[in-house]
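For reference, the structures are reproduced in the following blocks.
In what comes next, chain A is part of two complexes: it sits with chain B in the first one and with chain C in the second one.
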Partner chain A sequence: MKTGILAGILLATMTAAAALAQSGAPIKLANVAELSGGGATVGTNWKNGIDLAIEEVNAKGGVLGRKLEVTHADSQSNPGVARAQVQKALDGEPYVLLGPGYSGSVKVTAPLAAEAGIAQIMGGEAAELTQGGNKFLFRTSFGQQSSMPKVAKYINDEVKAKSVAIVWVNNDFGRGGRDVITKEFAKLGIKVAADLSTEAGQADFAADVSKIKAAAPDAVFIYLNEEESARILKELKRQGVSVPLIGETTLIGQKVVELAGDAANGARGHVGLTTDAPVDLIKAFREKFVKKYNYVPDHNGLKGYLAIYMIKATTEKMGKVDPKAFADNLHGLTIKAASEPGILMDATFDKNGDIDRQGFLVEIVDGKQVIKQVLPKLN
Partner chain B sequence: MSLFNRYWRVALGVVVIAALIIAPMYLNRYGLFILSQWAVMTIAAMGLNLTLGYAGQVSLAQGAFVGIGAYTAALMTTNGLPLIAGLGVAILLCFAIGWILGYPALRVQHHYLAFVTLAFSTLAFLVFRNESWLTNGIYGISNIPRPTILGYPTNRPLPFYYVCLGSLALVSLATWWLIRSPWGRAFVALRENPVRALSLGIDTRRYTLMAFAIGSALGGVAGTLYAPLTQYIDPVPFNLSLSLDLLLMVIVGGSGFFFGPFLGAMIAVLLPEWIREVTQGYYLMLYAVAVILLLIYSPTGILGIIDRYLTERRTKAASALRAVAKSGLEPAP
Partner chain C sequence: MSNLLDLLIAGLATGAIYAIVAVGFTLLWQTSQTINFAQGEFVMLPAFLMLAAMHVGAPFWLAIVIGMLLSMLLLGLGFKMLLVDPMLRHGVLPLAIATMALAIGIKEAVKQFFSAEASPFPSIVPSGDISILGRQVALQSVGVLALAIAAVVGLTMLLNRTSIGHQMQATAQNPTVARIIGIPVERMILLTFLINAFLVALASLLITPIYLAKFSSGEVLGQAAFIAAIVGGFNQVRGAIAGGLLIGVVDNLAAAYVSTQYRAAVPMILLILIILLRPQGLLGRAEERTV
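What follows is the complex of A and B.
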């Protein structure tokens, strides 16, 4: 009898302890990103953004009273490695999977996360990622299918160009953007005067710029990574190309302005997410980031940061930590910056996991990014 | 002594094989993926070991052949053909291309040959990336199906691991037979002294081409397994770094040793994963240092160390025997 009571008490204590551990245990997140290889800048910015946001969230008491905890794994910018690392991350049963940033790596890992029923918040921008009916995949930035039409419209309505030369980098990012905008140009009746593919890491753009000159377009659309954007801007200036130079996010980034100097003046384009946005919360984010890491992040830093606040807002809406219900609750959710400052700008997630928020048209004037127009959120 | 040795070897072999069959049942999906990757890379490295280790031809194109195999398998299986057909085409294709690539090997040697194969590697990468009508370019090919073998689907990680392991076993047996056949002896003769081999009546020209072609075909076999393993391929994994990785596997494991590629692939596939586990951020650096130290200590790879140790012991034993025999022969003073 006595032993029975003792056993009962023991059991009760153990259950209580387990329950307590359950509610107080940290929420596990897993990040798989390009920490080495060709995408190291992308992955490192993304990772630092995540770490910064988690530090903030935990300093304020965590999510529903539980701390966030993240593990980082390196995909080496290789889809095969990304798959292995995501598999490993999923075996650890995380609450939400973060990353990768390369669209190819997202494509190979998304089915794994979907099979495990775990939401994946990633950085890839290729149009097709969210069009395959995957119910667990979420973007942190505009996909090319939503940003490129805005650029094409701008070239048509404001620049009034009838023929455009396209320069793109031959990886999934560049090729994806080029394919979408070419379709948009066809719809608007804009002629593609030259279609130039370049290599990631290319140093010399003299030949490409001569081809642009020979094609004599009304405008040039440049879709390269930051370093290459700076190099082609310098070469365009050297060879005296004076038509409008238009890009999307990368061409008017802070890093390009620093690298290209004078040559960047006059470049313009659409930016979905920029650390130079005239939004107080983004300015504050940039200051915090620079203070912690001693450099100015690109949009990938912002994306990683936002991913954590997406998790926080969704979880608080649900009122519980439920990995299975997470994706359902994030679909159709609007997160307002007024109630969740970490989201920086109001954002809505649709049924495909695509994001909707305001964007900017930017021009470089005297080495500074100047916002020419704020494109409102669609709904 | 030698009998004892042989028993030990057989016992070790049985234990390893049993472990490879039984242990995965208790592994999670990640562990299974890594082990499957090890089996696939071992096959590719065995091909290179044949070309480099046995026939002595330096090749930086093995990664390209894995790519050709992977693309062949991916294109055929996503169009509804069975994987076994993809395997056949991949082997034939890689054999033919390997044979053609072997021609420069008749003219140039060592690092010059490395340059020629390096150029081929880059060429293959550019074809994978730029010929989008065929390979879908940088977007890659997704949803590659896994095969159904004898009515048994291999979609889950464990059955597919056994497909990889089974293929590795078949390839190992075939290679084992090959290097013990007159062909294998001819390959070694080619590596050790081509002029002498020629004077002994070995058609060095034909065997050089053959070494290249067979090695490349094994690369194709590995590729045919790689595609359904990852179920998505794009050009990036098949760039020069894969060829270099495979070269590393062969050299680190012990080039010219039958079990070299097994160990080498273990070091190249499993060691980084293990170091990653222990030391988060610095794993690539530590891995590099480990490989450098190993090659300084033993340029002939891991099996070279064991070989050296065994030779030493044998020499000692032999000298001891000689000493005994000598003392017996010497006339009493």
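What follows is the complex of A and C.
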């Protein structure tokens, strides 16, 4: 009898200790990103943004009193590797999955996270990602279905181009953007003078630029990843193409400006996130990032940073750390910068996981992003 | 027509760089039966050595000198003494595999010590246009082409007009006889390694402003140079030059007139055709070996 009572007390003590340990245990996050390969710029910025935000959150006591802890895995910018890394990450039962940044990698990993019932906060921008009914996938930036109409409108209204050459990268990201903007051009009566598909990691753009010159368009719409954007900008300058060069975030990011040098001057387009935005919280973020990493981040650094504050705000709203309920609570949530400064700008997440936030029209002038216009949040 | 001219000029400029790298390929094969599968990485590394020199405060010209000297030390002397000499006695194939391992080692080391991200690299040729036959042509294309041609002409003159060149040729054709008649064969072989290291450093200087400095940029270059060397003739310097120029032009024309997706396949198809129809390469010789 005595033995039974002792065993009962011991069991109760162990259970209580385990519960206590659990409540104070770090919240585990898993990040799978493009830390090498063609998307290294994307993944490195994203990772550094995450690390900076986690450091801040933990320094202020964590989330609901628990520290955040993240593991980083390299997808090598390869969807196959990304899938394997995400499977491995999910086996570790993270609270939320972060990344990848490439749309192609997101496309193949999203079903795994959804099956595990784990929310995935990612950097992909292909329109189709959030249109397949996946209830666990969330964007940190605009999808192409939000950004491309704004770019097409700008080309029509401001640039007044009647014919445009489209240069796109032949992957899910590029193909998605090209499809959306082509439809928008058709609506506006803009002719596609040349439709040029290029390869991810392509080093030599001489032939593509020659084709652009031969097509003699009023403007060129460039939708490539960062490094390829820099290479084509240099080649366009080398071959003396002087028509307006217009794109989206990947054409006018910090890394592109750094790599392309003078050739980036004059490039313009729409960006959802930029560290040059006239927003005090973003300026403060930029200062902190530069102090820690000694370089100016591109929009991917902002995305990684925001992802952590999305987790913080949602979890604090729930009042508990519940991976299964996380996605439901983030749908329809508006996070205001006034109450959660880490979110930098007011943001609303709809039922598909798409984001609504203010955006910017930008031009590169003397190697710097200059904001030409602020586009307000829709809702 | 003007489009074709642009494509030809751009193709020749890139092809000239392939030619420099391919010449190095053939030199190593001629004198020491080394098939260097790390040749592309040999082109990638000097740019990072120059960037490192600039990072510690050296001006660009000094960084070029430092990068060239370090390349000759590491990719010339070091490569020969630490990898080729110990491996060659085990045959050509183990050495070829060892160079594949070296390629991976160099790539990963650059990724580790520098970054997986691309870095900008200054151009030795100023930007701007010049007028040729009434057409505006990018100074960079012309400059790259001119420097590459100068390097190739210089090398050809060294091989054909100097005593050292003749000794190198003798070493390539028959090392045993060369040794009997008093030619310092080992020194000649070392010299070809140093020349190869100089050529890859020069190619690095010319191509990196266009391709950007990145740990993986050697993959494309190594493959292009290898194909160029075989297409032109693995046993002839002039074959490697012709092969390089041809591959550069074919690659650009394929991207413009065939498809960007299949552009990488077109030089390969050319390679297959050459192997089937003229195994010694366009300018190669069937039997003998010569520099």
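By definition in this document, the second predicted complex is superposed on the first by the 358 of 379 C-alpha atoms of A that agree within 3 Å, B and C clash if a C-alpha of one lies under 4 Å from a C-alpha of the other, contacts with A are read in each partner's own complex, and residues count from 1 in each chain.
Following the convention adopted for this analysis, a residue touches a chain if its C-beta (ideal position, glycine included) is under 8 Å from a C-beta of that chain, and two chains touch if they have at least 3 such contacts.
A quick note: this is a predicted structure, and the numbers were derived from the prediction, not measured.
Bringing the complexes onto one copy of chain A puts chain B beside chain C with no clash. In the superposition on chain A, contact of A:150 is made with neither chain B nor chain C.
With both structures placed on the common chain, the touch criterion links A:286 to neither chain B nor chain C. Rounded in steps of 10, the angle chain B-chain A-chain C defined by Cα centres in the superposition reads 50°.
Using the contact criterion defined above for the overlaid structures, shared-chain residue A:170 touches chain B and also reaches chain C. After overlaying the two complexes on the shared chain, residue contacts for A:108 are found with chain B alone; chain C is out of touch. Looking at the shared chain after the overlay, A:357 reaches neither chain B nor chain C.
In the superposition on chain A, A:258 makes contact with chain C only, not with chain B. Of the two partner chains, chain B is the only one that A:91 touches; chain C does not reach it. The wider contact with chain A, measured as residues touched, comes from C rather than the other of chain B and chain C.
When both complexes are overlaid on chain A, the residue A:234 reaches chain C alone and has no touch with chain B. After overlaying the two complexes on the shared chain, residue contacts for A:79 are found with chain B alone; chain C is out of touch. Between chain B and chain C, the minimal CA-CA distance in the chain A superposition rounds to 5 Å. When the two complexes are superposed on chain A, the residues of chain A that touch both chain B and chain C are 35-36, 170.
Listed in rising order, the residues of chain A touching chain B in the complex are 35-36, 72-74, 77-80, 83-84, 87-88, 90-91, 104, 107-108, 111, 126, 128, 170-172, 175-176. In the complex of the two chains, the chain C residues touching chain A come out as 2-3, 6-7, 10-11, 14, 111, 115-120, 127, 129, 136, 138, 140-141, 209-212, 214, 216-217, 220, 251-256, 260-261, 263.
Against chain C, in their complex, chain A makes its touches with residues 35-37, 40-41, 44, 170, 196-199, 201-204, 206-208, 210-211, 213-214, 227, 230-231, 234-235, 237-240, 255, 258-262. Chain contact summary for the complex, chain B toward chain A: residues 28-30, 33-34, 37, 129-130, 137-140, 142, 226, 230-234, 236-237, 273, 276, 280-281, 283-284.
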